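Take this structure first; my questions come after.
Naming follows writing order (A, B and C), and every chain is counted from residue 1.
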Amino acid sequence: MKHADLHRLYPKILGYAAVSVLVTGLIVSPWGNTARATDDENSVNLYSYRQAFLIDPLLDAFTEQTGIKVNTVFVKKGMLERLKAEGRNSDADMVLSADIGRLHDMVTAGVLQGVSSDKLNKNIPSQFRHPEGLWYGLTLRARIIFASKDRTQPGEVLSLADLAKPALQGRVCTRSGKHVYNVSLIASVIANEGIDQTRQWLTGLRDNLARKPQGNDRAQAKAISEGVCDYAIANTYYMGKMVTNTLKPEQQQWAAGIRIIFPDQDGHGTHVNISGAAITKSAKHRDNAIALLEFLSDTHAQEIYAEQNFEYPVKPDVTLHPLVSSWGKFKADTINLDKVAQHRITASKLVDETAFDLGPQND
Amino acid sequence: MKDNTSMMAAGLSMQNISHAFGQHRILNDISIEVPNGQIACLLGPSGCGKTTLLRIAAGLEPLQSGKIIIDGRSMSKSGGRSVPPEKRNIGLMFQDFALFPHLNVVDNISFGIKGSLSERKRWIVAGLDKIGLAGYADHFPHELSGGQQQRIALLRALAPEPSVLLLDEPFSGLDATRRASVREQTLEFLKESGLSALMVTHDPEEAMFMSDNLLIMDKGQLIQSGPPIEIYSHPKNSFVATLFGQIDVLDGRVNNDGLVETSLGNFAANQIAPGTLVDVLIRPEGISPCKKSHITTEKTETVSLRVVGARPIGRSSHLRLTTLSGVNSSSIIRARVPGIFLPETGSLIDVKIDPAYVFVFAKQDQTP
Amino acid sequence: MSQRVSVLGLEKTSVFALFRRIDGWTFGALLTSLLIAVPILSVFVVALAPGITSSDDIWSHLVSTVLFHYISTTLTLMLGVGAGTLIIGTGTAWLVTMHRFPGQSIFEWALVLPLAVPAYVIAYVYTDLLEYAGPLQIALRGIFGWSSYGDYWFPEIRSLGGAIAMLTLVLYPYVYLLARAAFLEQSVSVLEASRVLGKTPWQSFTKVALPIARPAVVAGVSLVMMETLNDFGTVDYFAVATFTAGIYDVWLNMNSISGAAQLASVMLMFVIALIALERLSRHGRKFHHTGSKHATLPTVPLSHSKALLASLICLLPIILGFAIPAGILIDYSLAFYQVTLDSDYLLYTTNSLLLASTSAVLAVMIGLFLAYSIRLHGSPLLIGAARVASIGYAVPGAVLAIGVILPLSYFDNAVDSYMLETFGYSTGLILSGTIFAVIIGYLVRFLALSFGTLEASLGKVTINMDGASRTLGHGPASTLKRVHLPLIRTSILTAGILVFVDVMKELPMTMLLRPFNFETLATYVHQYASDELLEESALGALTIVGAGILPVIILSVAISRSRPGHRSSESS
C-alpha cells in the first residue's frame, strides 16, 4: 500500500515545506536590511509619485557626487495619508511629485516644511516655487495640442477654446477628464476664465470628442495616427518619448504624423504643470534633503531631466534637448500654480457635472 | 432497596438533567443510572431527546443543569465548566459509525489508544479476528460494508478500555438480515467487557434484546424504566404500550363491575373508576385462534371474528379480522399467529384473547 | 468504594453560559478576528472624520451628478461578471467532472490557469489586440476593405462590456475550483437517484447537483463579486466609472479621504447585506456530506459531436483567459526582456515569492484557526467577528491600505511618545513601512479567501468525526491535527494557493505599505504598466503568471485526487 502511505505523509511534507520556505525566506531575504535601512545618517529618504525608472538616473548621479544614499519608495494613492499618519516619526525626508495638485494637497494637509536657499532661489523662477518654499518645481510640462499633419490646417486651432468649436465635432481625443493632468488643465482654465466659461468650454469639448475619454497621452497620438481623431490634448514629453522610441518603431510613426500646437499663444499662454519636490515636516535628514533638492535644480540634473524625459527644465539657462527645442519657443501661462491648484476640486466636479468622461452626447 | 452508594461506585449516573436549545426545552429533569456490567437502552420516538441525553453524557453537548458522574467521578468542574469529552473515559458509537475515512482499519481502531500501542496490538488482532475481519487491517472504511464498519466502530470505541460505552442507534444503518447477527455479536462483546453501556434506539425489538434496563422517553421526559419484560407486560400508559409495535385500540367505558365491555368481550379495568372512558389496547400476539371445543376449561371467553385478510410473514401469519357486527374499517383487529395459518377471506374463526396482552388505560379526554 | 462526589449545582443563566464558553479557542479567535478587523474598522472611522472638503458638499455633488451612474455601472459589472463566471465556472466544472471527452484530463487543471493572469494585464493585452489599430481590426479592414474609423461597427473593448469580459475571463476559476470540489464530493447515490427518477443529465445537474453545490458555488461567485467590486486597474484602463473609480476620484481629485471612506463604507454595507441575504435565503440549511458511500463518480462518455462541443467549451476560456494573454506577454518579453533583466529582476521575483508564500501560510493558519474555533464553539459573537475580519476582500486595496496604516502608525507613535517621555529614547516607527505592515495588509485583505475556503470545507466534515475523536481521548488540538487536517488538506492547499496567487498579483497595498527600496514583481510591472508601457515589463508580468501556474496545477491535481475513495477500491 505504498500509495496510501505516501498519502498519509502528504500533510507532513506540506507542513515541512511551508516551514522551510518561511525560515529560509527570512534568513536569505534582504528584508532584515530593508526594514530600517533608513536610519543611516548619510542618506535621504524619498517618497516618490514618479516611477523609479524615471528618477533613478538622477538619484544615482546625486549619490555619486555627494556620497549620500537615496532610499526611495514609489507610492501613488495614499502617500499623503501615509505621511499624515506617520506624523513626526515619518522616515520620509522628501516628496517627489509629477503634478502640482499633489504638492498642493500636501501643503493643505500641513505635512511639508518651508526651506529656502540661495541656490534654489537662483535656479528656480519664483512662479515655479511656493512663496514660502514649501515646494519647488523641478521640471515643466507644457500641456499642448497634438494635431494630425494630414487632416488639419495650421491656424484652425490656436487655443484650448478652439477645441470646443462646433466645426471640430467628432475630431478631438483626450484622456480621462479626471486624470491629474487634465484636472490641473481645467483648473487653470477656471483660474483664467471663471467657472461658467469653463463649464461651457468643457461641454463643447465633450461634444467634439471622437470617443469616450480613455488611455494616456500616448494613446491619443496613436488615435490620431489611426484616424480616430484629428486633435488631442497631451503633454509635450510624450512626443519626445515616441519620436525616440527605437524599440517600438510604430510610435515613431505616430509621432511623425503629428504637429504640435502650443495653445493660447495670443492669450494667457500655454498651461504648464510642474513636477516638483518638497521637504517633509518630519524630515530627519533635512540637510541632505536640501542638498538633493539643490542638486535636482542645478544644471547637471536639469540636463538629465531634459535628456531623459524631454521635459522643460525650470532653470532658465539650461539647454533644451535638441528635439524639444525643435518644437520652438512658447509663451507659458504665468498664473501662479498655487492659485491653479486651488481650483482642482471645482475642476473635478465640473468634469462630473458635464459628464465629460461619458464622451460626446450630441448623437 | 439497593444501596445507593455502591451503585454509584462505577458506571454512569445522570441526575436531574435538563436541557434546552434556546427557548426549546429538550430534556426535563431526567435521572438515570447505569451500573457496571449493565446495558441500559433509551427507547423513544425520534425527537424525544434521547440522543441529546447521550451527547450530554459524552460531553459533546454542554451540561446545562443536573449532574453527571462517570466511574465515580463528577463531570462538572468548578466555574461551571464540564470535563471535556476526551477526559471522560467513555466510548461513543455513532449512528453513521464516523470512521475516519483517511485512516485504515488498524489506525482507526488504535486512534484512541493511549501509551504503548504494542501492548494493545494483540487485543486489536484478536478483536478483528473475533468479529471476522482478520484480513481487513489495511482496508479503508469506504472499502467496507456497513456491517463491517459497524463492527470496526465498536472495536474502536472499546479499544481505549472506556468505563462507559455510549451507543447512538448503532444498528440503524444496517440492513435487516445483518442486524440480528451484528446485534448478537455486540451484546456478547459488551457483556464480556463488563462495562456499563447506554444505548439509544427507536427500535423496540432491539431495545428489548439488548437491555438489562429499559428507559422509555417521550418529549424530554422519562416515562417508565425497568427490566424490558416488565415494561413490555406492564406498560405504564398507552404511549409505552404503543411503542412496542402495532397495537389495536378499542373504545370502552368502565361498568359498575369494574369491567370494560367491548366487542371482543369484557376486560378487567384495573381499578379504574366506574364510568370512566377508557382505551383498551390489544397486542396482535395476544389474539390466538382456537377450536370451539377447547374453551370450556379456561376462563377466557372466545369470540367469533370474520377474516378480512391473511398474509404469511415468515415465522408467523398476519391476520386482519373484524367483528361480526363491525361494518367500518376502523373495527379491524389484527392478530399475529405463529406458524402458517391462513384462513380464507370471509370465513369465521374463533379466537381467544390473552388478558396479559390487553391493557386498559383511562382516556385523556373524558368527553364522550 | 468511592465517595459520592458532591458538586455544587450551579445555576446556569444564559449570561453565565456565555462566559463559560469563552475558552482559549474562542478567546484567541475573538482576539485574532478583532486584530484583523481593526484596519477595516479604521475605514469606518475615517469615514466619520471631518475632511478638508465637507462630506455634505461631496455627497450632494455626487448625488446630483455621477453617483447613480457609478451605482448602475457597478451593479451591471457585478451582475455581468457574476453571471459570466457562474456559467463558465460551473459549466466547465460539471463537464470535466462528470463526463469523458478528449482532453478532459488536461482541461481539469488547465481551466484554472487564467487565475494567474492579473486583470490589468489581460485588459492591456486585449486592448492591444482588439482596438482599432490592433491586428484583428487591421485584418478585418484588409478583408472587407473598410477604410476608416467609424466605417464599420466593432465592439469597443474599452467599455463596460469589455470590462465584464476581461474580469470574467480571469475570475471564473474561483467558481470553477469551488464548484468542481463540490461536485467531486457529492454522493453518487443522490445523482443516481435523480437519474432513476427520470431526470435527464441536464435536469440532474440543475435540480440536484447544483443545489447541493450551492454553498460552494455561492462562495465562489461572492469572491468573484468582491474582487470585481474592488477592481480598479481594469475599469480605470477601460474608462468605466464604477463605484471604486468614484472612491478614488473623491479621494484624490477632491482631496477627501473621509468622503472616499464614506463611499467605501456604503459599498461594504452593500456587500454585507448581500452576504446576509444569501445566508438568510439558505435558511441555515446545512449541506453535510450526504452519505458515506463515495463510489467512483460515474463519468458519462460523450458521443462524437457532443465530445467535440465539450472540448471546445472548455478550450475557449483557457485560450481567451490564458493562452492569448500569455502568448502576447511572451511576444512582448522577447522584444523587451532586456529592460527587465537590467533591473533587479531576480530580487523582485524573490521578494514576490517570499511575500506570497509567507502570507499564504499565515493566512491559512489564521483562517483555519478561526474556522475551527467557530466549529468548536460557534457563538454568534465569534461568527460575527470572523465575518467582519474577512470583509476586507471587498474593500478597494488602497483604501484598505490606509486602514492598515492608521492603526499601525498610531501604535508606533504611541510607543514612541511613551518611550520618549519615560526613557528619553525615541523608537520612531516600528511597524509602519515594514515588510510586517505589508504582510498584515495581505492578511487583512485575503483572509476571506482562506477563511471562506476552510470554513466551507470544515462544514462538510460531519460533526461526528469530532465527537468520535474527542470521545476517543483526543482534545480539540489533537483532533484538528489528526482528523481535520488530513480530511481537508485539499482545501488547505486551495486556500494557500488562492492567497499565494493573489498576493503575487496584489498591487495597491504593496505600493503603499512597503518599506523604502523594496520592489515586488507587481510593483515593478506597475511602474511601466501605469504609463501604458507594459511591454517593457512584460517579462515581469510573465513571471507573475508563471509563478501562479505551478501551484495552480498542483492544486488541481490535488483536488482530483482528493475524492474519498479515489484509490482503487476492491469490492467487499
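One rule holds in what follows: contacts are C-beta pairs under 8 Å (C-beta built on N, C-alpha and C of every residue); 3 or more make two chains touch, one makes a residue touch a chain.
Just so it is clear, the model here is predicted, and its values are computed rather than measured.
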Specify the chain pair with the maximum number of C-beta contact pairs.
A-C
Could you name the chain whose Cα mean is nearest to the mean of all protein Cα atoms here?
C
Can you work out the whole-Å distance between the CA centroids of chain B and chain C?
51
With chain centres defined as C-alpha means, what is the inter-centre distance between chain A and chain C in Å?
33
With centres defined as the mean C-alpha position, give me the chain A-chain B separation in Å.
83
What residues in chain C touch two or more of the other chains?
486, 567
What residues in chain A touch two or more of the other chains?
4, 7-8
Note: chain B residues in touch with at least two other chains are 102, 140
Quick one: in the complex, what on chain B touches chain C?
4-6, 8-9, 55, 58-60, 62, 64-67, 69, 72-74, 76, 79-81, 84-92, 94-102, 111-112, 114, 139-145, 148-149, 156-157, 159-160, 162, 166
Across the complex, what residues on chain C touch chain B?
1-5, 7, 9-10, 12, 16-17, 20-21, 292-294, 462, 464-476, 478, 482-483, 486-487, 564-565, 567, 569-570, 572
Give the list of chain A residues in touch with chain C in this complex.
3-4, 7-8, 10-11, 14, 18, 21-22, 25, 28-31, 34-39, 45-46, 51-53, 71-79, 81-82, 85-91, 101, 105, 108-109, 176, 178, 180, 183, 210-216, 218-219, 222-223, 225-228, 247-248, 344-345, 348-349, 352-353, 355, 357-358
Along chain C, where are the residues that touch chain A in the complex?
52-53, 61-62, 65-66, 69, 132-133, 148-149, 156, 158-159, 238-239, 241, 248-249, 251-255, 257, 335-336, 343, 347, 350-351, 354, 357-358, 361, 398, 401-402, 405-406, 408-410, 412-413, 416, 426, 428-429, 432-436, 485-486, 489, 492-493, 496, 508, 511-512, 514-519, 523, 527-528, 530-532, 535, 567
